Every structure is written in C-alpha cells, then in structure tokens.
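Shared between the two complexes below is chain A, which pairs with chain B and chain C, respectively.
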Partner chain A sequence: MSILEVKDLRVSFHTYAGKVQAVRGVSFSVDKGKTLAIVGESGCGKSVTVQTIMKLTPTPPAFIEEGSILYEGTDIVGYSEKQMQKLRGKEFSMIFQDPMTSLNPTMRVGRQINENILKHMTLSSKEATKRTMEMMRLVGIANPEINMLRYPHTYSGGMRQRIMIAMGMAANPKILFADEPTTALDVTTQSQILDLINDLKKQFQMAVVLITHNLGVVARMADSVAVMYAGKVVETGTAREVFYEPKHPYTWGLLNSIPDTANMNGNRELPAIPGTPPDLFAPPKGCAFAARCPYAMKACIKAQPEETCLSDTHKVSCHLLDPRAPKVEPYHVKRQKTE
Partner chain B sequence: MKRYIAKRLVISVITIWALATFSFFLLKTLPGNPFQTEQLLKPEIQEKMMSYYGLDKPYFEQYLTYMGNLLHGDMGYSFKYTNRSVWDIIMQTFPISADLGLRSLAIGYPVGLLLGTIAARRRGKKADYLCVLISVLGVSVPNFVIGSLLQWVFGVKTGLLPIAQWKGFSYSILPTITLSIATIASLTRTMRASMLEVENQDYMKTAKAKGLGEKEIVWRHQLRNAMIPIVTGLGPAVATTLMGSFIVEQLFSIPGIGKHFTESVQALDYTMVLGLTIFFGVFLVAANFIVDILYGIIDPRIRITD
Partner chain C sequence: MAEILLEVKDLKKYFKAGSKIQLFKKPFYEKYYLHAVDHISFSIEKGTTLGLVGESGCGKTTVGRTILRLYEADGGEVLYEGKDIAHIPISSDKTYTKKIQMVFQDPYASLDPRCTIADIIGEGIEVHGLYKTKKEREERVCELLEMVGLNREHRNRFPHEFSGGQRQRVGIARALSVNPEFIVCDEAISALDVSIQAQIINLLMRLQKEMGLTYLFIAHDLSMVRHISDQTAVMYLGTIVEIGPTEEVYQNPSHPYTRGLLASVPLPDPDYEAKRTVRGMKGEINSPINPKPGCRFADRCEFACDICREKMPELKDLGKGHKVACHFTEKLNSKE
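Let's turn to the complex of A and B:
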C-alpha cells in the first residue's frame, strides 16, 4: 500500500532571468515501510522534488505549477503553512546532505532533538529529555546525559549525521527523506549511517525516500528506484526491474559505467555520461535526453515520449518502447549480483 | 582560561606601550610648540617655557621621563589648562561623555537590532525599504546636520527642549538622539545583512523541516546566530562611543572628553594628547577583551576552553 503518491508534479522557480522548470512532471509512489531511491545527475531536480513534498522551498521563488501529492490518500498540495507544520517533523522528516552545516551551531544538540519532541508529542519536559536520551542511544551515541549538552562543532560529520537522524526520528515519522545523507562522509562512516537508516526503517516500519548519487547505495538499500533526468522520472520500478531489466537509455548509461571492480559498497559517484543536461529555462520540446542519447530518432526530437507501463511497477518513458521503433541492443550493462 | 587571561594581559600591556611610544614621537614631529598659539608670547618667553617644562631636552630623554612618570600613574599636567593635571581633566570630562555615550547606545542598539530584524523579515516590502532608507540616511547625513536640525525643531521653533549644556535629563535628550542615529543606522544595516545571511543557512531549513513555526525559527535559531557579527563589533563601538564625539559635544556645548581631545591636538597640548590617547587605548583594549569573552557565550565554537 502506498503511503505517499506523487502525481505529475511540476515545480518552477520564478527568477528574474525567467522560469526555471526544475521539476517537469514527476510521478512516483512510496510504499509503507519501504525504501524508494531517487537517482540522477546533479541538478535534475531530486532535492527540489522532496523539498516540495515537505514545502521547504520558499514560495516565491518556487511554485507548484501542477500535480498532486497524496499522503495517506489526502492531497496535501493545497495545505496551508500551519497544516504543513503539523506534518513536518511528525509525519515526514528530512536529513540533509551536509551534516556540518545542517545543525544549529549555537544550540546544544540535545536541545535540538528535544525541540522536535516537544513540538509534536504531548510530553512533559522531563519525559521529553528522557526521550531525547533514548533517541541518542538509538542512533548509537553513548552517554547521552553528557553528550546531549555538547555543541555540534564538537562532533564529527558522522556523529552529526546520527544526531540529525535522532532528530528526524524523534517524533516517529512515517516517512524519512534522506537527501544524499552520506555524500559528505568518508566511506566507512557512510556505510555505518546507511546501516543505521536501514535498521531504523525496519524497526519502526518507516518509509524512506533516499536520494543518492551512488548506485551501490541504491542496490543495498532500495526496494524501488526512480531514475530522474532533467526534472522528469524517466524510469521507475522495483530495484530488481531497474537493475536487471532496465529499459531507458539513460538508465543503461548509468548502470553501464559502474567500474568493473565494483563492489557494491564502494563510494562511487554517478558516472559521467558524455554531454550535459538541457537548459531548464527552456527545456526541449522532445525527449530531454535526445542530445546525449545514442539511439535518438526523429520522433524523439519532435515529441516527448509517453510513459509505458511494463508491469504494475515498472514504467519507462522512451520512444524505443513504441512498437514502431527499431529494436536496439542495450549497450553493455555489467550487472552484479546484489542482495 | 587563566592562561588565556594572562596571555591577553601581556599582549595588552605591550599594545599600550607601543601606542604610547608611537604617539609620543609622532607628536614631536608636529611643527610648533604648546606656547606658540595662545597669547602670542615673545619667542624668548616661549623658549623659557620650553626649558621650564623640559621640552628642550633630547626627545629620548623626554620620552624616558614621560614613561617613568606614566609607570607611577602620573600623566603630567596640561599645558593649556595650567595647574590642572591630565588625570583630573579626564576624570572630570570622561564621565559626562560616557554618560551620553551609554544613553545613546542604550537607544541605538535595541532600535538598530529591531529595525534590522524587521527589515530582514519583511524583505522587499515597504517596511524593509523604510528601514533601509533610515539606515542610508543615518550613515550619510553628518552628525552636525542632524543635531542642528533637532536643535532648530525642538529648541528654536518649539522651545520644547534645551539645546545646549549638560545640566539634567532634558539636556541630554537631543544629544543622545543625535549620537544614537549613527548607531541605529549602522546596526540596522549589519543586522539586516546578518539575518538574511543566516536565513540561507542549512540549519534554518532543518528547523523548518522539524515543523517549527516562523516565530520559533526566528527566536530560537535565527536571532542568536545573526547576533554574532554584532557582538564582534561591540568592543570598538562601545569604546569609541563612550569616548565622546567632538562634533556632538561641540554642537551642544557639552563639557565632555571628546571636545578636549580635538582641542588638545590643536593646541599641541602634548601631555593632554598623550594622556587621552593612552586612556582611550586602555579603554579599547579592555572593551575588546570583555567582548571576546562575551563572544564565546553567544558562539560556542569560539568559546575559550584553554
């Protein structure tokens, strides 16, 4: 059962230079207690998408032009700021990319966690402090009595990310958005943080929306995957479908450039596919990937590809899936057995 | 902490010594002597006076004498105000300037912080433009123009307030306002910029993502961080304001220290200039020291732990 369903979401930034169409029709759904990974090159609209769901991007400049965001069946697009405040931190939480800058430097970490608890749970301040300490233990910080009195700058990046997680988890949210939560950390720490998120997800039956650059992370964490390109989801499906039966040339490109020596825990950035993404001030009429796609046809330049459903879960937007299109060989995709 | 204080003390002493030495020799490079200006004394008498005060001795000898006396807390006598010691004059004029300065800070800081905060919260709206306008005017219109204007409106035209001298509360109103305008203007600008800078920090997004309301975000997360640059500038700002403003004191005929500072330079009143410089130096060093400790209270990252 899906807890969150995003349908045809369009978000633009109204700037002096014009309208940046950052998100141009994104649809995906997240199941209760499952992990959805969103992958794609930098600038393709991943952060804007999840921040729009929590309405964290200020309006102006960001405007939701179209679409719906169904949380437990209710469309929250029209929610007021007051209504959103009840959802943020309570139903949804978010962990950001850079733990060095996402904690308030002038507030003790315990208080930063405590703030969340007091806001969303009806607890006395004593009980809230107790819960703060529980949360710190839960994310692996020993001696919370002392450690909650420390300031963020006295912690390492990995520990700060743990504190962010404790803060996010404090009011038992149903969905955790993690926007590249390990990109700024070293490899060992990355692995520990991902394990922690995975454990908590299982323990608390929480859905996770994980944005990442790292396909190894996707393989290890995700139940389903959405591949984004230039503000659109070009392919989405279960992790199995996207990894083993990818159908979109962009997905092929991503998977293809996993190095041979890949072990799925390594720290790899998304590979560079030749060329650059289109200008989002004036996106092309046809397929946005056409300029970089080795299979581009006339139809690709003329019109945007429609979404084709290959299964209940597997959806791809590419003209190659049109029955009239030539059958092409996916370029060599090296697959690795993953658990 | 003890080690830190000891270190700071040593550095402070060296700073003051360097200041005194530098000022001493710099003053000697100015042409003329303290007895030239006043009552057109004959050259022979001027020379007599010079030797009486020891000013004909080699500079280095004069310097040693001065520093020796200074070590005993003796800053000598003024040349201009005969029979009055420099310390006497400081003790008589400084409290007045400090009083006026404190009053203007007590108004200027809260008002400036408030206007800066309002401007940032209402960015791009009318209230913002108004605050920016106030701050631009306050910075660019000179003190004496504002002061004269106030004197004209409240004194000459309406007769509501006294426009000169220092004899009680009503006398302090106009000079206090005049002096506080500059503080208000610069603080509004600094606070506005600082609030906007903090607004873009990642932790502000974290605070929003927690479901906090706007007021909670501003009060708990934004203001304190935005105050950091303000606290940094507090030391010099307080010190300079308490040391008096020549212009405002002149304009309102207030017998403060700022007026003496400028007058003593014009009169080449060596001991007076040196004494005031050293006094100001000590004051500034002390103010900065206190602020550095305060700074640690507001920003835990630079709290002194050593």
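Let's turn to the complex of A and C:
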C-alpha cells in the first residue's frame, strides 16, 4: 500500500518577472518501507516538489495550482499550518544538503536534538536526555555523553549530517525526505551516510524520498525512481526498469553521460546531453526536452507527450512510444554489468 | 619517452596553525603546523593529464596553488621545463603566470559579476600585452568564445546571465586567453550536473588534443578522473599514497586507502549495488595538524601493524610506473 501518493501536482512561483512554473504535473507514489529516488538536473523541480509536500514553501510566492497529496489516503493539500506542524517531525521528517542551514550554531547539539524530541513526544526531561543519547548512538556517534556537549561547527560535514538524521529520527517518522543529503560530502562519507539511511529504513520500516542527481546513489538506494525534467516526471518505474529498460531519451542521456568504467576505451568522447534545460517562465508548448533530444519529431514540438504505461510501475512520457513513431535504438544504453 | 613538462619534487607546504603555551609544565612552547602538503613528488608529461584525487582537506588545492605560486613552497621544487619556479615570486616574473593557468570549481565566485564576459576574458590578454589594437583583442575574445562552445554575441553579457556550465566555459576561455601550456583544473566540474560535466570534460579533452595542453585535473569524482586522466595520483593527508597509469591504479588499486575509496563509489547498476558487499571504509580523515609519525592512514587501516605506526612508508614501484606507499603492498596483493 502506498503511504504517500502525489497526483498531478502543479506549483508556480509568482514573481515580479512573471510566473515560474516550477512543478508542472508531477505524480508518483511511495510505499511503506521503500525508497523512491527523484533524479534530474538542477532546476527541474525536485526540491520544490518535496518542499510542497512538507509545506515548507511560503505562499506567496509559491502557489499550488492543482493536484493532490495523499498521505495514508488523506489529501493534505488543504491542511493548515497547525495541522502540518503535527505531521512535520512526527510523521514526515526532512534532511538537507547543508545541515548547517538547519542547525543552530550557538546551541550544543545535544540540546538541539533534545528540544526536537520534546516538541514531538511527551517525555520527562530525563527520558528525553536518554532518548537523545540513544538517537546519537543510533546514527553512529560514539560517546554521546561527551559529544552532546559540542557545538555544530566542531563537527565534520558527515557528522553534522548524522546529527540532522538523529534529529529527524527522534519521533520515528514514517517518511524521511532527503534532499541531496550527500552531495556536499566525500565519497567515503557519502557511502557511510547512505548505509545509515538504509539501515534506518529497514529497522523502522520507514519510507524514504531521496532527491539526488547521482545515478550511482540512485542505484544503491532506490526501489523505484522518478526521472524529472523541467517540472515533470518523464519516466518512472522500479529501479530495474529505469536502469535496464529505460525508454525516455532524457533517461538515456543521463545514463550515457556517466563514464563507463566497465569497459573504458581511452579517449572516447562522452555522450553528453547538448544544451541546457528550458526556461520555466515560458516552458515550451510541446515536449520540454525537444530542443536537446536527438529524436525530436514534428509532433514533439506541437504537443506534449501523454504518459504511456509499460507495466504497472513503468510509465514514460515520450512520443516515441506512440505506435506511429519510428523505432529508434537508444544510442547506447549500457548495462553496466560490473563483475 | 615524451618530454616532461612539470615535475614536482619533494614539495612541502605547511600552514601555521597557532601555538599553545602549556602552563604548569615546564615553560614550554609548542608550535602547531598543519601539514597540508608533505613531501610529495610527481611528474607530468607534455600533452597529458594527471588526475589528483582524495577526500577534501587532503591537500589537492594546496598542490595546485603552490604550482601556480599563489602559495610559496616551504620545501622542495616545482620544475617547469627543468627550471625551478617554486621560489620565483609571482610579481617578478610574468612568463610563468602566462604559461600556467587555473580553472576553478565555482564559476560563480571566480567571475567578477560587474564585468562583461569580454572584459573577463580580455583581462589576461591586456595584462600580458598580447594584442595591440582593440579590434584584434575583440577578435581574439570572439575566437575564444567560439572555441569553448559559446557565441560571439555572448561577449557583452554579464556572468549572472549564464548557467553554471556556461560560466565554467567562460572560466576556461579566460584561462586559454593567454595561450597557456599547463592548466590546473581545480574541481572544475564538481559543481555541475552530470550531463553538463560530460560537456565540459569533452571540451577539455578536445582542447588538449588541439593545443597540446597539459592538465593537472583535481577532482573528487573518481569516474570522471578515470575518464580524463592518463595518470592518477591518490592523496591522503598531504601525502601521495598511490600513483601510476590510470588504468593500473583503477584496475589494481594496491593501497588500502585507494581500495576503500573505489569501494565507496556507488555505480549506476542496481543489481550490482544490491549484491555488493564491500562498501567503503570506516572513519574520517584525521587532523593534518602535527600528524603522528608513521603511515598517515594507520588509524583507519584494517591492516595496520606496529611498524605502520612507527615508520612512514615510502612510495615503491610495482612496475609500469605504478607506485604505492604501504609497508604491506606485496603481502596484500599476493593474498588475492
């Protein structure tokens, strides 16, 4: 059963320069205890989508134009700030790329975790302190008695991310939203944080919505994947469907941009995606990827592609899936079978 | 054998990291030094690329900045075409500032927002007096823009009107403006999206082929480094722990740190990731301030023994120029 279902979500920012259509019809669902990864180039609307679910985007300038957000079957789009506050922290929790933006630099980390616990749970202060230490151990910080007393700046980036996770996990949330949680970290630290998130997911049957632009991270973490481009989900499916049977030219482009480490042949040119994403002030009438797509046809410029269901889980929006379209071979999606 | 353009020998750069007076003991004044770069050596052949990888704080940028003479070396030599330039002050000699250029990570921070693209690219040309007339200079700016895949019409725009990838192209055009031979690319693609990273890598490789450029390519993305580099050096806490021809290093990583680093990289293959058992390594990089004697990696190394904590291992050649600094290389390699 899906714990979260987003249907045709549209979000715009009303600015002086005009209306930015940041999210233009996004649908996906996440199951209990599973990870959904949202991938796509910067500016494609990943953060806005998740922030809208959490209601962290201020209105104005952000407006939900359309769509529904079902949490355990209930539409929360119309929820008041007070209702959302109950959900945030207790049911939903969020971690960001830069933990420093959400940590208070002048407060000892133990106290920050403690306050967060007391906000969501009714515990005596002694019990809360005990839980603080328990949470710190849970995320892999040894000697919490001593480390509680440190200030955020005395921690490394990886350790700060652990503290953020400890705060987020304090009230046993059902869904963890993680917006590029490891983008600023070294690969070694990234690997440790990803393992931690996976452990917590298993241990607490928590759903995870992970935003990243690193396809390696997606492959390690995701049960299902939503590929976003210019405010839309262009392809979604299980991780195996998206990596091994991708059907959208943008997904092909993303997969091909990664150097193929399995069979390197020297100075080969990387098949980069030419150009840059379109301006969301005035998104194109047809397929938003048309200007960069090697397979673009007349139909692509005229009309937006409809979603085609290839399986219960695999859905793709591209005119190439129309029976009348020419058959094309993906230029060379590699199945990177690493021994 | 090709000609060596740049050779770094026993390079050392320490930063003062404060000092501490210990009361109550004997009057005792202990100095603290941050060993950013500690006796490293490598050489780069003309027209090739050396990739430099390692966790943040291991000293990669300091190596680049010392080669550019933005920092003065505390020891060792930087030989450019055989001549030691490490101790020539940057102000007294313009030839090497022209020959050696740098491309930075953050295209936002490194371009002056008040200048047009033409001013930014033309600055070096002016400083070095490369073109006499204004018209010639303008023509050169247009040529450079086209070379990096931008339009000549872009020259009168300002940096904020460009995307991250385009700004990085401007940064590359600026570096190329003075006809350099050697370019230090310090995390030049790290802030960009994967698809745009591929565009910039292709551009750098094309320019290298066309102009015979030599690169020091600093990055933490191991797969991109593998793609662009002829040789790869792995740094840990100010030292080089492994260096050699790129494919040797990636296919037969022989230092426990290199192995851990490669094992940490998630690959875009869900089935592989699901059954992968070795994932990365424990712990975090130690403090580079007054490091303990012995191998810098000993605290995180699963193979560490007494000798590792006493004696710093030296780089040993395993053949084909593949060098590793570990007391137990032979033993570890023969185990498999």
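Here is the rule we go by: the second predicted complex is superposed on the first by the 323 of 339 C-alpha atoms of A that agree within 3 Å, B and C clash if a C-alpha of one lies under 4 Å from a C-alpha of the other, contacts with A are read in each partner's own complex, and residues count from 1 in each chain.
In the analysis below, a residue touches a chain if its C-beta (ideal position, glycine included) is under 8 Å from a C-beta of that chain, and two chains touch if they have at least 3 such contacts.
In this text, all values refer to a predicted model and were calculated from it rather than measured experimentally.
Counting the residues of chain A that each partner touches, chain B and chain C differ, and the larger count belongs to C. Of the two partner chains, neither chain B nor chain C is touched by A:Y155. When the two complexes are overlaid on their common chain A, residue A:F28 makes contact with neither chain B nor chain C. With both structures placed on the common chain, the touch criterion links A:S42 to chain C but leaves chain B unconnected. Look at A:I273: by the touch rule set out above, it reaches chain C but stays clear of chain B.
By the touch criterion defined above, A:R220 reaches chain C but does not reach chain B. Judged by the touch definition given at the top, the superposed model places A:F289 against neither chain B nor chain C. Of the two partner chains placed around the shared chain by superposition, neither chain B nor chain C is touched by A:F13.
Looking at the shared chain after the overlay, A:H120 reaches chain B, while chain C stays out of its contact range.
In the superposition on chain A, A:F243 makes contact with chain C only, while chain B stays out of contact range. Taken in their complex, chain A has these residues touching chain C: 41-42, 156, 158-159, 186-192, 194-195, 213-220, 222, 239-240, 243-244, 253-255, 257-259, 261, 264, 267, 269-274, 276, 335-338. Of all residues in chain B, those touching chain A in their complex are 201-203, 205-214, 216, 220-221, 224-225, 228, 298-301. Remark: chain A residues 54, 56, 81, 84-90, 92-94, 96, 98, 101-107, 115-116, 119-120, 151, 153, 164, 167 touch chain B in the complex. Chain C makes touch with chain A in their complex at residues 55-56, 163-166, 193-199, 201-202, 205-206, 209, 220, 222-224, 226-227, 247, 250, 260-261, 263-273, 279-282, 284.
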